[in-house]
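The structure is given below, and queries will be raised subsequently.
Labels run A, B, C and D following the written order; every chain starts at residue 1.
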Amino acid sequence: MKFSFKNDYSEGCHSKILEALLRNNTDQQAGYGDDEYSLKAKILIKEKLKNQDAAIYFVSGGTQANLIVISSVLKPYQCVIAASTGHILNNETGAIEATGHKILSIETEDGKLKPSDIQLVLDNHKNIPHQVMPKLVYISNSTELGTIYSKEEVKNLSRYCLENNLYLFMDGARLGHALTSEMNDLTLEDLSQLTDIFYLGGTKNGALIGEAIIINNQTLQEDFAFNIKQKGALLAKGRLLGIQFLELMNNDLYFDLANHANQQAMKIKNALLKRGVQFLSDTYTNQIFPILDQKLIDILSEKFDFYIWKNINSQSSAIRLITSWNTSDKAVDDFVEIINNHL
Amino acid sequence: MKFSFKNDYSEGCHSKILEALLRNNTDQQAGYGDDEYSLKAKILIKEKLKNQDAAIYFVSGGTQANLIVISSVLKPYQCVIAASTGHILNNETGAIEATGHKILSIETEDGKLKPSDIQLVLDNHKNIPHQVMPKLVYISNSTELGTIYSKEEVKNLSRYCLENNLYLFMDGARLGHALTSEMNDLTLEDLSQLTDIFYLGGTKNGALIGEAIIINNQTLQEDFAFNIKQKGALLAKGRLLGIQFLELMNNDLYFDLANHANQQAMKIKNALLKRGVQFLSDTYTNQIFPILDQKLIDILSEKFDFYIWKNINSQSSAIRLITSWNTSDKAVDDFVEIINNHL
Amino acid sequence: MKFSFKNDYSEGCHSKILEALLRNNTDQQAGYGDDEYSLKAKILIKEKLKNQDAAIYFVSGGTQANLIVISSVLKPYQCVIAASTGHILNNETGAIEATGHKILSIETEDGKLKPSDIQLVLDNHKNIPHQVMPKLVYISNSTELGTIYSKEEVKNLSRYCLENNLYLFMDGARLGHALTSEMNDLTLEDLSQLTDIFYLGGTKNGALIGEAIIINNQTLQEDFAFNIKQKGALLAKGRLLGIQFLELMNNDLYFDLANHANQQAMKIKNALLKRGVQFLSDTYTNQIFPILDQKLIDILSEKFDFYIWKNINSQSSAIRLITSWNTSDKAVDDFVEIINNHL
Amino acid sequence: MKFSFKNDYSEGCHSKILEALLRNNTDQQAGYGDDEYSLKAKILIKEKLKNQDAAIYFVSGGTQANLIVISSVLKPYQCVIAASTGHILNNETGAIEATGHKILSIETEDGKLKPSDIQLVLDNHKNIPHQVMPKLVYISNSTELGTIYSKEEVKNLSRYCLENNLYLFMDGARLGHALTSEMNDLTLEDLSQLTDIFYLGGTKNGALIGEAIIINNQTLQEDFAFNIKQKGALLAKGRLLGIQFLELMNNDLYFDLANHANQQAMKIKNALLKRGVQFLSDTYTNQIFPILDQKLIDILSEKFDFYIWKNINSQSSAIRLITSWNTSDKAVDDFVEIINNHL
């Protein structure tokens, strides 16, 4: 059995979550998110946000979070601006368009949007009413390329959006990894002040399912629960989401797990750097994209699963390695050993 | 703490499911439903259906199952026919209409549709192209009123739908309870032959989440997975659904749990019948609707939670009692004791 | 060739419209509704509304007007309340649901909604967030049964909607006929004060195509043009709509045409009343529904086209007769003569 | 008053259309496209197509035609492939996405798609079911850049689409101009054999409104009328569309008008070529894009309206000139005179 570095959702969940599910299994709770675990988890999250006025909703996964958020805040003629690498553009089977909204794509080097990128889009959308109206800026942190936003960058985007009457929405499927990266200077509190909506991803960080949508802009909070129900995302046993986030938030388990994933990736990255390996992008989270010789890729493939991300030339490719909350030292060490033996 | 008869999803899940989640927690599995548990669970279900050509997909809940099935089989101008009590009509925040499709509502006595009901609708929809085209017949088994369909009734509907070029879709959120009712003569095999699509509800029968959509009509199977992904219903950790259905199908745990729920309800029903209590509808599943005096309702309310379903007159109301896979003998006995003491 | 009383759109348009089209045919105008005719027509309409703050948009037909208005003012989880006879419910191929919104249907005697009808719906929609949120009240004037609303009735609805945070939208496909009915006491000015949106129907009152949507509620005016374009309703040669409404508004031609239609219907109605004929509903506009013996229906059918509206018993049916802006005295006289000869 | 070269829909319609509207104004006709003019026009078009099995529907405009065709042939998870200059991408307010479908954009030099362009898209959409499924190829002829497809090019696309299970749909808003271009070798008969659906644009070629949608693929014909009605595009007075297309088809008026527009554009083009002017694209239809010095643009702007299309450098820009069915010799001569005087 090969060890997989293909993604961060190939294992189950952190043992504390299973223990809590077991511990609370037989008590009767109100359905649809009104259980006491969900309520407590929301209180905990608000404390970390230092924002009692945030509204918090739990849903099952990232695509679901993205489509519910976007379809509920936009009017029919309004659209989304996203980096071309954005998950909503090419990895969600047109889920956003299926709710009626166009996504305008911007090419970037590192998967991150800048105000100047957005300005170009606005400049090209002035033929009213013949074009869609750009209204929501979608960013991912960490991005689909493993990169992260600095506080300064999010501040600039936030200011720009405010000035231009745009919403700023952060896809946080891997927000834990972003916020625990060694290069990070953002906090949850910052995000609660700087974005209109963002979410804390659980699925890719040790939960079975679950993303916590956090609505900071109060004008967007009203009636949000209707949208969750209408899209089929309101779990009868909301306790399943509540219990998980309660455990993840307790004692910052959420951040410990993400930090673990990042560190395992950094160990591999550093081993590769020492041997002079180049990377497709310079990342400090749990996704790394080393460019390796095909021979070495073949050797690694005997013991490990991972994606070939991009062909560089006839002899080498960038591969994508993703570590998780549960990636063991042994897996990392074995991988590094092969590297060291062959480079 | 009162015991709740409000619904069948107030507790967690059957202990075997938690044990299996624990047992398999750390093995790495393919994502998005390609894990080995999901594959095994599908094999088991197909065996029970005696239909190797069925296509099976797991999703999280009933509203999600309903909206995905309906939106993926209908063309934009086609609509649904449902009993006015149908869950999709008044309990899903317009989820079906949100995908673009009208639901035509038919008043019934017992929550069940008959061919003659549908014929009336077809007769009234002949003004082409100014009216929607009826195309899918939605039935629930057991119904939202706790009643069930007989084999003869489903056969008649099936034949009628075939003759009239309609799809027959059965909402099986409580299918376990229907199939284990003492009055039932339907089997999973029958349903696989008589319906185009139906689903096996897990959420209301001992799972944390999960409904198994079974597509019998092969022309409707093609590309179905795209719809699940597009609606945000494809879990990254599909193992969560696979493991649950594997446990539920093993040794027919699914039917044992439903049977338990039914029997607990029947105990209460029989106790009430002995005292001459009338019921809003004559049910043999885990939902009963006794008509009680307000005084007795008040007394019961001190120890039990349940819904007042319908005011009958100034002094009495029908209440709804729902038992579950986990309703204890003690809860039932305590309830019956109060009944016996006061009637 | 039989004369048709089937509808009010079987002829072309009033000659003044054709003359204006001819007169202005070769001048170059801005496209998409920015032509000078559209601008002038809007000025004229605002004068008649005595409301300079109204926003006015021209579209081609009634279904188009209905779907654009409703889809642009509702949020995804909000729905429409309408009388069961409402045109949007059963005569528009699910156009409203196709934009994602449910319509809640209310049975009425005369096609008109009352606050008490709506209150019942609101009372039954308190299970948040599991039900759609009623938000827009759709009424037709004249109704699909030929009846009209009094000023008092619209005032009551308007007040009720305001108190309950609902929008009031009047389908005015036959508004001309309503406002020129002998029983009418409403004015355009009233409607501009009492409704959030209404429209002035041209198609059924002497135009080739065209409905003038009038948005009184200023919060609903913003960006409305985007919706028109997105739904494919923004004509490149908006002049076609502008010229028509300019002619119809000039010297109140619009009202003269509707009045003519009403009077022709009343002539037939009065002739029938004299002979003791009963009617399905008591109407004073261009739609009448006399209940006639099948024999007489057969005789009339030799010279006239009309719809059999409803079977009353084995020997008699209600027929629907619709007169138009262009119904000649001769046609009416011929019809009345047959009546007089056979009753 | 300046003469406008901004577009081909700034005047009314050809006088024969107005004469026919006048001539037939008072006869009573069936509504919703069942009038005798529509029926006759369809017969005439089928003759020209040499395809009796085509299904033909008239709608008001191009955006309407595009959104109805695309939304009625695609399943929810299927998408469109279009050149980045395609009208549906940036000039229709997201009308296609509003029906739930993504458009994949391809950069081209001349606004025309090639099989190799499409192959790249297919190659990049193999991650089933996480990506939309490309299903319909949208091409415009003439294109938004004024270029046209050769018979060989359409044949290649048609074969490629057939082999890859894709639909081929041609936006023919300016099809008349394409088919009468001096470089054209396509016929209506060819298009009826080579495309699944295309339309004949009337609005930009001498009609008041109107596009004739021609469905060649018989599997796509079924129930199409429902879609037209549901999108609000079925005119009560369908005669308005029928009469126009009857006149346009009679004696090939449609092609004469387009030819006139092309020739007027070619006169200007040739005058500019003689003076050595460069063009943004090499066109032989009624759209030309000469690159002119800002000084000359200013001089021309005193007497003519046109769009500045693209800034080339600080001193020169490409302008867009569009001629129409009604562009007079005088307008062309005046324009050419200024050119000759200043170059």
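Methods note: contacts are C-beta pairs under 8 Å (C-beta built on N, C-alpha and C of every residue); 3 or more make two chains touch, one makes a residue touch a chain.
Molecules present, by chain and UniProt name: A, B, C, D = Low specificity L-threonine aldolase.
No experiment lies behind these values; they were computed from the predicted model shown.
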item: Equivalent of C-D within the choices A-B, B-C or A-C, defined by over half of its residue contact pairs recurring; value: A-B
item: Relative to chain A, chain with the most remote C-alpha centre; value: C
item: Centre-to-centre distance between chain B and chain A (centres being mean Cα positions), rounded to whole Å; value: 34
item: Approximate Å spacing (C-alpha centroids) for the pair chain B, chain D; value: 51
item: Chain centre separation in whole Å, for chain D relative to chain A (CA means); value: 43
item: Shared-contact residues (touching 2 or more other chains) in chain D; value: 76-77, 92-94, 98, 100, 129-130, 132, 226, 229-230, 234
item: Touch-based graph of the chains, sorted into line, ring, star, complete or other; value: complete
item: Residues of chain A that touch chain B when the two form their complex; value: 3-4, 7, 9-13, 15, 18, 21-22, 24-31, 60-68, 92-95, 98, 203-204, 208-209, 226, 229-237, 239-240, 326
item: Footprint of chain B on chain D - complex, ascending; value: 32, 71-72, 75-77, 100, 128-130, 132-133, 223, 225-230, 234
item: Chain B contact footprint on chain C (complex, rising order); value: 76-77, 79, 90-94, 97-102, 127, 129-132
